[in-house]
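We just call them A, B, C and D in the order they show up, numbering each chain from 1.
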Amino acid sequence: MGDRRVRIGCEFIYDAAIRTPTVFQVQANDAPRVTVVSEQRSIRPEVGLRGYRDLYDNPCLRVVLPAGTSTFRYQAEVLVPDATEDADTDAPEITPESLPDEVLLYTLPSRYCLPDVLADESWARFGAVPPGYRRVQKIIDHVHEHLRFSYGSSSAQSTAVDVNTSGYGVCRDFAHLAISFCRALNIPARYVFGYLPDLDVQPAAEPMDFAAWMEVWLGDRWWTFDPRNNVRRKGRVVVGRGRDASDVAMATTFGGPRLESMVVHAEEVLP
Amino acid sequence: MGDRRVRIGCEFIYDAAIRTPTVFQVQANDAPRVTVVSEQRSIRPEVGLRGYRDLYDNPCLRVVLPAGTSTFRYQAEVLVPDATEDADTDAPEITPESLPDEVLLYTLPSRYCLPDVLADESWARFGAVPPGYRRVQKIIDHVHEHLRFSYGSSSAQSTAVDVNTSGYGVCRDFAHLAISFCRALNIPARYVFGYLPDLDVQPAAEPMDFAAWMEVWLGDRWWTFDPRNNVRRKGRVVVGRGRDASDVAMATTFGGPRLESMVVHAEEVLP
Amino acid sequence: MGDRRVRIGCEFIYDAAIRTPTVFQVQANDAPRVTVVSEQRSIRPEVGLRGYRDLYDNPCLRVVLPAGTSTFRYQAEVLVPDATEDADTDAPEITPESLPDEVLLYTLPSRYCLPDVLADESWARFGAVPPGYRRVQKIIDHVHEHLRFSYGSSSAQSTAVDVNTSGYGVCRDFAHLAISFCRALNIPARYVFGYLPDLDVQPAAEPMDFAAWMEVWLGDRWWTFDPRNNVRRKGRVVVGRGRDASDVAMATTFGGPRLESMVVHAEEVLP
Amino acid sequence: MGDRRVRIGCEFIYDAAIRTPTVFQVQANDAPRVTVVSEQRSIRPEVGLRGYRDLYDNPCLRVVLPAGTSTFRYQAEVLVPDATEDADTDAPEITPESLPDEVLLYTLPSRYCLPDVLADESWARFGAVPPGYRRVQKIIDHVHEHLRFSYGSSSAQSTAVDVNTSGYGVCRDFAHLAISFCRALNIPARYVFGYLPDLDVQPAAEPMDFAAWMEVWLGDRWWTFDPRNNVRRKGRVVVGRGRDASDVAMATTFGGPRLESMVVHAEEVLP
């Protein structure tokens, strides 16, 4: 089984009235099966750019955008396995008693994921399903069916409860809702976002954006689920992981610069 | 300046239908000026009790409550300074550009603290006040005036926005609202809870409960503010710190045991 | 399988010419199967005592001993399983390629453990033995045979190489030597010290001291080995873990106070 | 004050009889005043390359070198300030009592730095010098004078004591000895290595290698000292920090591949 080479990256153009501290979270996270071969990050005009790790150990970049127009670019080439991401339909749910300390957190409510509010619905829908990977898949199936994808249908303040009611959302809302249902059953689930190239996907997806999906703890590890697409894919490149979208923002600006444009890309580099 | 000796502790009695994994967060956190002299933790019937540190480095205890009635007790003796907690009315606000990496987090929205929703009000009320410790004190004064303390007026799902509208809350709501106003101005603020003995307070407070307050980053450190009481006190013993109450729960049960009783105490041990 | 109740503790009496900053590392570390029921730490005269975690996440206490005589005491009651510690003679060695990131460190040389210097001997003695738990046991057996236990035969500066040559050592030297042989074969091994009660040991051991032993990574976890005693025991209570004794000192004094006496105890509390 | 652009990098060529797990520590560490603009890492033949952070939070790369010849390359472009690194000759020494918890470690012995063995000499030479930055500079001056730089004069097992006796060493030995003298006086000191371009240095240095220097805690921060060169420089790019060289190896191989060649470079990119 070989590797495939993918070029990922993004560009943000801002127009700022004043100097604006900003944090970008756009870099590929290290992973056992993803190799970052090269990486460029630049900002024009040229100003200091400094990396650090956040509370969840995601790589972040701090910068102070100067007044006026500035362009931040990130680009990387990565090798990804030429294989669909794995699954194990027999992976068991683990009771809270046996969860590792650092996983417990992902059973609790967070800003956008509200298992407490959605507990009754989650138990009604999934409480009788035999526990394990297949039950999680049923949750994913349900959310994939229940929500209709629609840009602009939700806002930065929409919670899982809001989109469950409205029936519309973007990929982050799909993840928030499915995560909430999982946590209501004491199944640890966390939010993930990153680059998702169209490897072997037909037809190619809409114009590229960052994608959001989720991971669920079953057996002794995290497994990838994607309630927006609900298919196993090749080539996901994780940028950030956290409790929900409030923990992992691709750009956080301290001030009100105008975002003139944002472009995200992720495409195979053919030999 | 001497020390005073304080006995703190709590007791939880649960009645559980089935074995119930539970996390207690009730132990005194280490602090430069607080000395833990002795500590007991017990559970009857006797079962395993194991400590770990959460994401914010707060000490936690994991236990599996057996079916039936069980009683968890924590008690400690601590030495606290015989001095009112410090303040520096000249401590400056720090712009996001200059904040330490690990403090940035506390300028962002979290589950109960919603600076984004409250941004307009915060800027309207406090935007023209000269930055610094005194501005933070004005926020605290406002919240102390605006909210009326009332048990039962808010729930485990009430956000800062909810209590700002209703005008009622308990100590955690006071903290959530003041934290939200601070963060809206890019001032880092975090939630704290712990034991608060009535040292030199007349008259002594209502029957003891855990108390919630907050810390604000000014200059190069965190400073204590208490929007519920709005006075500087002696003898606070911190148990947990986090973004808001969702990060620091005194007890988290995975299942639905009945809480038969909860007692919290914190009183001086006189020689 | 029930638990047994053990009382552990220690007392250090110092005579200091001047105020002397000191770090004590004597507290029971949390463990899945060890429950700390109660804990007292005190210092007379009474001065501030503050906990923190070191680089290896071991609990430490900082204190400034006053001039004159001072007495530090730690005592705890813990529950330990009434079972001999486990072993799995089929547990496999893991190649460096597959070791977790955080375990790699324990294959490298450190101050007292010198696998580079002892590489030839280790390969000559154990290189032909089939890899796995049994090979580690052969290393332990060899060190247990090769070294003769003798107080005062080694110093705080003796390395594994020194004691291998001299043939004498105390428990920490047994551990350093066996760890060095393991690491020379790329088997991760780390140093452990703590309390070791005489549960079901006949005859009871010499007057109690802290004991040093080691842990070896096989399969997917750490396993306990004790080259000094070379028997599986009940009731070990770990205080600290590190690369070797330089990482875990029961007391570190910044200055030259005289240690008047040190007492360590660990005994069962009978019902 | 502007920035200058520096290209740094290295190349290792190995010939391995069998697959050889290897850790490279060659990447620029993030720093407030150093901006990594672009970074490439590659290995031919192409195999997985995965990043992680070690115990000291230094970036590392894991790879398994295939049997045969393989070439690892790292290259980055960084912006460094066009200013000599700062110094404050009035920065005070901090007593152990007041050191931050995480700094205490750097006052203790480690594998190559032996303040315990060198304590008498350190106190004899520097004990009477008034404490502070200037005393540290005196230590640096002494080591710079005392040791003669000579490739091959010391080995991977030479300690500070060894080179103090022999009078010869390479840059790492200079650092180990000066660190040992500092620690003997309870002054925290740690080992640093990285890229050191010849910005404004005349004549340019010998063929480039990684350089080792040190940092000392004075006042409330770490300050750079370089006992090998004993001049304040421009453009240092830190790769790793630790207690001594045993904590930060540019390449660690688990097996015995032959290192065919190693090239390190760091040079200004002129506009």
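To be clear about the criterion, a residue touches a chain if its C-beta (ideal position, glycine included) is under 8 Å from a C-beta of that chain, and two chains touch if they have at least 3 such contacts.
These numbers were taken from a predicted model, which means no experiment stands behind them.
Between the contact lists of chain A and chain D, the overlap is empty. In summary, no chain was found to touch both chain A and chain B. Look at the CA centroids: the one farthest from the centroid of chain B belongs to D. Think of it this way: of B-C, C-D or A-B, only one pair shares over half of the A-D contact pairs by residue number, and it is B-C. As a whole-number value, the distance joining the C-alpha centres of chain A and chain C reads 43 Å. One simple way to say how far apart two chains are is to compare their mean CA positions; for chain C and chain D this gives 31 Å. The mean-CA centres of chain B and chain C are about 37 angstrom from one another, to the nearest whole unit.
Counting partner chains per residue, chain C has residues 52 touching two or more of them.
If touching chains are joined by edges, the resulting network of the protein chains shown is one closed cycle, each chain touching exactly two neighbours.
Chains touching one another form the pairs A-B, A-D, B-C, C-D.
Residue ranges on chain D touching chain A, taken from their complex, read 3, 30-42, 46-53, 57, 79. Listing the residues of chain A that touch chain B in their complex gives 19, 21, 23, 52, 54-55, 62, 64, 95-97, 101-102, 104-105, 107-111, 114, 116-117, 156-157, 186, 246, 252, 254.
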